[in-house]
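Structure provided below as structure tokens; questions to follow.
Chain lettering (A, B, C and D) follows the sequence in which the chains are written, and residue indices restart at 1 in each chain.
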Amino acid sequence: MRQCRARVLALQEVNREFYSLILHEPYLAATVQPGQFLHLRVDSGLSPLLRRPFSVAGAFPGTGTVRLLFRCVGEGTKLLCRVREGDLLDCLGPLGTPFTPAGADPAVLLAGGTGIAPLLYLAESLLAAGRGVHLFYGATGAAALLPLERFLSPGLLIHYATEDGTAGEQGLLPDVFQRALDNGLLPGELFACGPRPFLAALARGNQRWRFPLQISLEERMACGIGACQGCAVLIQKDGVTAYARVCREGPVFRSEEVVW
Amino acid sequence: MRQCRARVLALQEVNREFYSLILHEPYLAATVQPGQFLHLRVDSGLSPLLRRPFSVAGAFPGTGTVRLLFRCVGEGTKLLCRVREGDLLDCLGPLGTPFTPAGADPAVLLAGGTGIAPLLYLAESLLAAGRGVHLFYGATGAAALLPLERFLSPGLLIHYATEDGTAGEQGLLPDVFQRALDNGLLPGELFACGPRPFLAALARGNQRWRFPLQISLEERMACGIGACQGCAVLIQKDGVTAYARVCREGPVFRSEEVVW
Amino acid sequence: MPSLKIKLGPLELETPLLTASGTFGFGEEYATLMYLEGLGGLVLKTLTIFPRPGNPPPRLVETPAGMLNAIGLQNPGLESFLAQELPRLQECGLPLIVSIAGDTPEEYVELAGALRRQPGVAALELNLSCPNVKKGGVLFSTDVALLEKLVSQVRLAWDGPLIAKLSPNVTTVAEPARAAAAGGAHIISAINTLRGMVIDVAARRPLLGNRCGGLSGPAVRPIAVNMVYDIYEATRLPIIGMGGIMNTDDALQFILAGAAAVAVGTANFVEPHTIPQIAAGLREYLEEAGLESLQELVGAAHDV
Amino acid sequence: MPSLKIKLGPLELETPLLTASGTFGFGEEYATLMYLEGLGGLVLKTLTIFPRPGNPPPRLVETPAGMLNAIGLQNPGLESFLAQELPRLQECGLPLIVSIAGDTPEEYVELAGALRRQPGVAALELNLSCPNVKKGGVLFSTDVALLEKLVSQVRLAWDGPLIAKLSPNVTTVAEPARAAAAGGAHIISAINTLRGMVIDVAARRPLLGNRCGGLSGPAVRPIAVNMVYDIYEATRLPIIGMGGIMNTDDALQFILAGAAAVAVGTANFVEPHTIPQIAAGLREYLEEAGLESLQELVGAAHDV
């Protein structure tokens, strides 16, 4: 973990939902693991005041770059949409506990909405390690989907789900995934990221499925490095229930340990 | 007085001290008088929060434009340095009580530092009215002087003064002006703008000179339109001492009425 | 179109949006600048019996997401107000809420008596953040016994809607709120400004002429919302909430916390059309939420 | 090079720059991230006798130029602190200021006794913003008689430098400051956070799990500077000032208002190197002003 000044190489409006930001910072590119995040200072002013956390959606040690994918939802991300090529962004990273793939094939990745960001990076690194990978990716409609082909190497199996049926299967992603299981898919392990209700639905489902399931959580953050206890989430482990820090023990947790 | 959205036509770094900002707003260009100011919202964020007042340094009803000249001294002006061509700036104006030339020639304008801004506009309008005009203009050194030739029509007599002698006469402007008086200059009326100690020195001098002297004051402002009583300055008039509002009764006052 | 009409005890307003005392002058300045659409009433600059010159400058300084003011209750005094300001204000047709302050309870009573049955004066607001000179400078708002007595005395001299405006410089705002209710106030107004100071580092002295001033603007909003929430739990009186309201969402925070009406102060300086914009925003919100009236939202953030 | 050494009564520090309690954890996180240059000492997260789980999430929300936190004094408790945190902290070599809190005066006394003569513990800070459960939730910081007694009882159990950290949720901060002085505190620390609330407009309920939280950051700075100024006039005790310090100028405001040392809290989250940057900035300021020591500036904004 370091404080870095990353140079903006490119900011691109991918579609109505997503911005892609490429940062040049060789140390980050070489060290960040899938599931980890950066804590960015989007502005030097006093409002917004705090840093903003963003998962790393891709790391390219060869070029010394990392990619973020983000949605513009409020004041801070609005300012991030305005950075220009050459700007220096102050960031802390890599932060948090990454995904820890255990090795049973196929790995199944379940992404809801913005949750696609860390899973893209995970998918790439699993593919690079020769793993078999399925990616289930859901959103409200076709327009809200990230055009995956632009960000992923070939070789993984993608299943889309949209609530309005404008792309892939119609329905909520956990239901679509259930149908795939019913049709004979047999995951070795699951990795999920997305809105909390989505993750909770998967955790409920997994009480039946009983696959190893790692999920990435979000919580509002101040320090991002474990000092303020602000990003607490209730975790049950070895019979003890206590608050863990999303920025330190997380953002990746084993689903059965999270108290929903 | 109106709330307008003025379009940025050009922002230029004139020299190390001054920025020139050209705004397109026909109503303002047609109505603003020398000495009046605009109250600008430099940013839509919460910090800085309040508007910032700037004198109009030139108005061009033909093209529907006005010119501001400003120095970058803090957070608000730093943001103003970053506006881009085509941006819309929210401004209130024209505000305040203008200079009221009474007619005796020559008119002598005394500008200290940033105080040059409103006097440029006054000089132009006096020249256009066929008045004889002298401009005394002082700063710390040559580098801090606005290159007047780029902003003024020919026909007025300019006297420079710098504290370090790098341009014009060496010394403080009130002393340089005193020497001009000693050498036979006989002003019909005086108009001054600049830092408060500079204006106070002129007011003291004028207790001997006894010319009609109008000065333009600054005070921190909130509303800019006379509603908050925040920009108070102590004024003595007809034997009564009371606070007047720089944004309403001012910024131009008769020097003998100001309680220094 | 959903209605913004609201009842604050005996005070009925077309909209729940008021100007905060001291931030709208006596109205004339903004009247030339803005369309007054959406305005439920004007709370005027605090009035005292005798004219007050106000504090020496500088009287203002900006702070992070806020500002300090130390105007010092500059106002023309009762006589000039009745002769010059009030007749002009009556013409605008909006309900006028006259804010008053005194150095002693007697001064409040005298002002209330003089304003009684003046046409156009819809309500009286007691600015209780002033030091009581008789009692050695204790704020009326922080000595609860004094506060209750003051309110009940004013009630005898004034028979219209009575608003008690509380200071936030207290440990538990529920206490003065309950005292105001016990004294007979119809409405609680909160919050006034918080005491603050900026030091001019170059000059090595307090920047404001008065040394300290009152903090307002978005910076104080969380404090204000909390106090409105607490007052709502402590009394059954309707509340006028204020402190850093800049937009519709901010206004809704206060309403959900328990305010039946809100006042806008500092935001007027930044955007003169804040109130018309919030009026439009509230109507839109009600429409989208399928609600008939704002009343259903008042205090909705409290546990059921 | 001018020295930043400072004496706060019995407490001597290499620099006047401390971490504010609760914002630096127990130090390990920032130690890996930043160079600790310029740090005069660490004020640790408030410790209680028994472990505290803390409040339900969300515990944080950003506000205009500030933030609310409702951590709920989550901490590992005395036993675990002595066994695990303290030995590790002792290694960093910085003076440690241990912040303690209790539900009763007896708990403060017990904690003080247990920390007495622990190596590396340079001072004790009493976090007085906690409700006294015995007395029905009154804050220790706002009941001056209770405060004075509490401080004097702790003095019997603890013979090192004793700091009383005051709550800003009071009308006149001079009163608890005087009570702390009368009780025997050596140093006053101010301010803790102000009570605040944000309503989640979409969900129509308070956003924080605990409903209300404590406001910190630049938004509160004018309030904090004012309180330091008032405490300086009320007592002769050295003051540790804090509340929204982001840079050298902010720190100087507190010093000129009367603080002999300052603490940095929220700013650490924004810029981990705030303290080293201020240390460099203060040295530069002293050099340019031709001053030998910071002491000459402490309280310089007061009338002579």
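Rule of thumb we're sticking to: a contact is a pair of C-beta atoms (placed from the backbone, for glycine too) under 8 Å apart; a residue touches a chain by one contact, two chains touch by 3 or more.
Keep in mind that what you see is a predicted model, and the values were worked out from it rather than measured.
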TODO: Hop across touching chains from chain C and tell me the fewest hops that reach chain D.
DONE: 1
Task: Centre-to-centre distance between chain D and chain B (centres being mean Cα positions), rounded to whole Å - done: 47
TODO: Could you put a whole-Å number on the gap between the CA centroids of chain B and chain C?
DONE: 36
Task: Between chain A and chain B, centroid-to-centroid distance (C-alpha), Å - done: 55
Open item on the list: Show the residues in chain B shared as contacts by 2 or more other chains, in ascending order.
Closed with: 46-47
TODO: Name the residues of chain C that each touch 2 or more other chains.
DONE: 64-66, 217-218
Task: Category of the chain touch graph - line, ring, star, complete, other - done: complete
Task: Residue ranges of chain A in contact with chain D within the complex - done: 1-3, 41, 46-51, 90, 92, 219-234, 242-243, 248
TODO: Give every residue of chain C touching chain D within the complex, in rising order.
DONE: 63-66, 68, 139, 142, 169-171, 194-199, 201, 204-206, 211-213, 215, 217-223, 225-226, 229, 244, 249, 252-253, 256-257, 297, 300-301
Open item on the list: Applying the document's contact rule, which stretches of chain C touch chain A when the two form their complex?
Closed with: 64-65, 218
Task: Interfacial residue positions of chain A with respect to chain B in the complex - done: 45-47, 75
Open item on the list: So in the complex, the part of chain D that touches chain A is made up of which residues?
Closed with: 22-25, 29-30, 32-34, 45, 53-62, 64-67, 69, 71, 74, 217-218, 246, 266, 268-273
